[in-house]
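Just so it is clear, A, B, C, D, E and F label the chains in written order, and each chain counts residues from 1 on its own.
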Amino acid sequence: MSGLTHIDAEGQARMVDVGDKAVTARVGVAEGVVLMAPDTLALILSGDAKKGDVLGTARIAGIMAAKRTHDLIPLCHPLALSSVTLDLTTGSEPPRVVVRATVKVDGRTGVEMEALTAVSVACLTVYDMVKAVDRGIRITDIRLVEKRGGKSGDYLADPA
Amino acid sequence: MSGLTHIDAEGQARMVDVGDKAVTARVGVAEGVVLMAPDTLALILSGDAKKGDVLGTARIAGIMAAKRTHDLIPLCHPLALSSVTLDLTTGSEPPRVVVRATVKVDGRTGVEMEALTAVSVACLTVYDMVKAVDRGIRITDIRLVEKRGGKSGDYLADPA
Amino acid sequence: MSGLTHIDAEGQARMVDVGDKAVTARVGVAEGVVLMAPDTLALILSGDAKKGDVLGTARIAGIMAAKRTHDLIPLCHPLALSSVTLDLTTGSEPPRVVVRATVKVDGRTGVEMEALTAVSVACLTVYDMVKAVDRGIRITDIRLVEKRGGKSGDYLADPA
Amino acid sequence: MSGLTHIDAEGQARMVDVGDKAVTARVGVAEGVVLMAPDTLALILSGDAKKGDVLGTARIAGIMAAKRTHDLIPLCHPLALSSVTLDLTTGSEPPRVVVRATVKVDGRTGVEMEALTAVSVACLTVYDMVKAVDRGIRITDIRLVEKRGGKSGDYLADPA
Amino acid sequence: MSGLTHIDAEGQARMVDVGDKAVTARVGVAEGVVLMAPDTLALILSGDAKKGDVLGTARIAGIMAAKRTHDLIPLCHPLALSSVTLDLTTGSEPPRVVVRATVKVDGRTGVEMEALTAVSVACLTVYDMVKAVDRGIRITDIRLVEKRGGKSGDYLADPA
Amino acid sequence: MSGLTHIDAEGQARMVDVGDKAVTARVGVAEGVVLMAPDTLALILSGDAKKGDVLGTARIAGIMAAKRTHDLIPLCHPLALSSVTLDLTTGSEPPRVVVRATVKVDGRTGVEMEALTAVSVACLTVYDMVKAVDRGIRITDIRLVEKRGGKSGDYLADPA
């Protein structure tokens, strides 16, 4: 036994067999942060439509990425997600965009990876849209915030 | 003018037109870190084959993700990448996996996003494979380390 | 409230949460038309095998596209489709190919978009295969013909 | 000879061999229309942010679809697109959203199909976002507006 | 009637409608063989890490391919796979890598194609990684080994 | 040095850097065979349209798969293929479908894997369409037949 569910007794990667798990309502919430220069944030915020388009484009990219999680992460199961929500907010000290994703499914396995993938791709999309004016951007603190449903019990992260 | 190349004069998202840019050799190097509990790192490191499989699986996921960047990030151009390399190393203070991606292309636009996407998906894959034993993992400090080629000149980030 | 289910109270795009909807048998039927010059239609119809290949290729493309709907349309849910059928017929006044798609699922949300996506991609495939001889082709009248199952009740469009 | 470039002498579908064609700058412009009830258009237009999100989401979906054209249309060649632009405007008589896509490439074959695919998927995305309030929507008049570059010469459609 | 479930009465390809089939636990096991020169096999086996990487990369590729079966094989249904396992072993007379895939689902249709697709792509990946030193490699004997669940009954192939 | 181009000095999988290779015209030809019972072959051949649809569907699936090779095989480079041709023929002793794929590119690396992937997926598609009547089908002898272009010289396999 390796102690890792994705590694079998011979040390080989495997998809965990979830066939015997119960179908329950599951929720995963994840968060991540894009740190940038003050001027970069100002550009994102300059004018409603413009804000709409940087954050709005990232929101769409994150939603679409959640649906492709199993296609990107080798050992993730394909899941018929029932909901994906992305919230993008901004803060000024330090200048940042905060991305939060909430994913739901009625399924045999959790949706933490779907929420984390949505957050990661939304952060990358913000990065892409402002990288021409700011090369020092960092994507940071991508983490699970909450998890509900399934045998292993609920989880709520400590405040960041 | 919005000041952002991906936003047009009316505040709408767009792909930048790279048709007039020169085809040059371009390199992008990005890095990211997966922070975890000491026991989690120990499990990843326990035994060659096992290490091979967690880090090896993440490496493959990252390479494949680099090739799908334009399919994930809405305004990225499709590019015929000539090389993708992923290096995964571990460190103990704090316990972590460090992912570094180097991407090359002969093309009209840079490969920063390809390197950053490779890093992000490799980090998510490490996360996925150890999440059952450690819910407090964080993916952090995803950033551009180096960029060469193209009109905007070379870039080398300050040491982390 | 925006009045649109895909837009939340703050005017932001979202996937509708279908977690509380019942799993029922649902059917969606859509149609579309490719209008072309008489000679173009004659070429499509010249010889069984050839007809087979233009219309047959479009049929396969439409079936495959139905399965990718959630990957193309940002706010569509992934669904385990139980059936996709494409019927392609031709008519002469005006010269045209008519594409009809029928999609079925046992799920929490309807399959109108899957049927419409199948029709659209099949029409585009017909277009692609004859565009070299006819630049004036139009794809037109893509619409929902019928919808069954789900809480909002059945729908049958008026004849075209 | 079948008269169709995508059908060989035996009536079988094939990708045209473009290996001997010259690499030139090529442009394709396509258009399509989504017809809807007046109230549906009013909902789309009610409030800037909301307008941003229906049309903005469709714009992103269209841009991403252009990049996947070769993955959807069986006989299309993969191309390293240098630019994709989507313009969505509205009109009131009849109530409608008009989608126009402009795609550019330096390549061996044209980008008509990329422009038409972008238009189709953007129209489907508008449809998806308003279908809950209006089942009579039609997507219509998807057609090539302009084509430049390549041996077959330029093309400009008659005004609609 | 054509006698083939995927061909309708008019000889046209179709997805079989599985809406009326029962959801049962289903298993598919498939196998395939990559034949190579003795020196090629020796290179694959030279050193644990290296072996890990050729066979490990093929294992990941096979797992990911199983999840994309419905995206590759036109008439396959999308399925929420509950488990995919790939076993790669080597043999010396003749020098070969043997790939075995086991796929499970609780669904309305079997997973033979998912197992066969996983095997095929894993074999192709082995091929890719050693082709520079051996152009005479053959992929052979890809076949269904076992099938359980569903109305048509269980199946166990004769030993190879 | 591992002796394998896809494995680096530390035994880790990598994409070969092709940035320094010349862009030349390259061709790859591959072949594979689907062995089946005589009655199964008879069903495939019964009637032109039907034959068209089994073999025609497999042809389209193979062409589309060639374009996705880099998305399936982890270390393959994305390439702008200029041509993909699939030929499917039948033979009776033993009863079989023979699939041959020819792929061309002007690029920095060869297209053997694209041809082999096209063959594999076309064979799997034939399998899928007749598996309900014949569980003993085998896909066999997938191999490179010919390779032209590139520094390593041309290759022509011995007759099967």
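Assume a contact is a pair of C-beta atoms (placed from the backbone, for glycine too) under 8 Å apart; a residue touches a chain by one contact, two chains touch by 3 or more.
Keep in mind that what you see is a predicted model, and the values were worked out from it rather than measured.
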{"item": "Third chains touching both subunit D and subunit C", "value": "A, F"}
{"item": "Of C-F and D-F, whichever chain pair has more C-beta contact pairs", "value": "D-F"}
{"item": "Most distant chain from subunit D, judged by the mean position of its C-alpha atoms", "value": "E"}
{"item": "Relative to subunit F, chain with the most remote C-alpha centre", "value": "A"}
{"item": "Chain centre separation (subunit A, subunit D; CA means) in Å", "value": "31"}
{"item": "Gap in Å, rounded to a whole number, between the CA centres of subunit C and subunit B", "value": "37"}
{"item": "Subunit A: positions in contact with at least two other chains", "value": "12-13, 48-49, 52-53, 56-57, 60-61, 64, 68, 74-75, 78-80"}
{"item": "Pairwise touch network: line, ring, star, complete, or other", "value": "other"}
{"item": "Chains grouped in pairs wherever the two touch, ordered by label", "value": "A-B, A-C, A-D, A-E, B-D, B-E, B-F, C-D, C-E, C-F, D-F, E-F"}
{"item": "In the complex, subunit B residues that touch subunit F", "value": "25, 56, 59-60, 63-64, 67-68, 78-86, 104-106"}
{"item": "Subunit F residues within the subunit E interface of the complex", "value": "2-7, 10-13, 32, 43-44, 46-50, 52-54, 56-57, 60-61, 64-65, 68, 72-76, 112-113, 116-117, 120-121, 123-125, 127-133, 135-144, 147, 152, 155, 157"}
{"item": "Residues of subunit B defined as touching subunit E within the complex", "value": "48-49, 52-53, 56-57, 60-61, 64"}
{"item": "Residues on subunit A engaged by subunit E in the complex (per definition of touch)", "value": "12-19, 70-71, 74-75, 77-80, 107-108"}
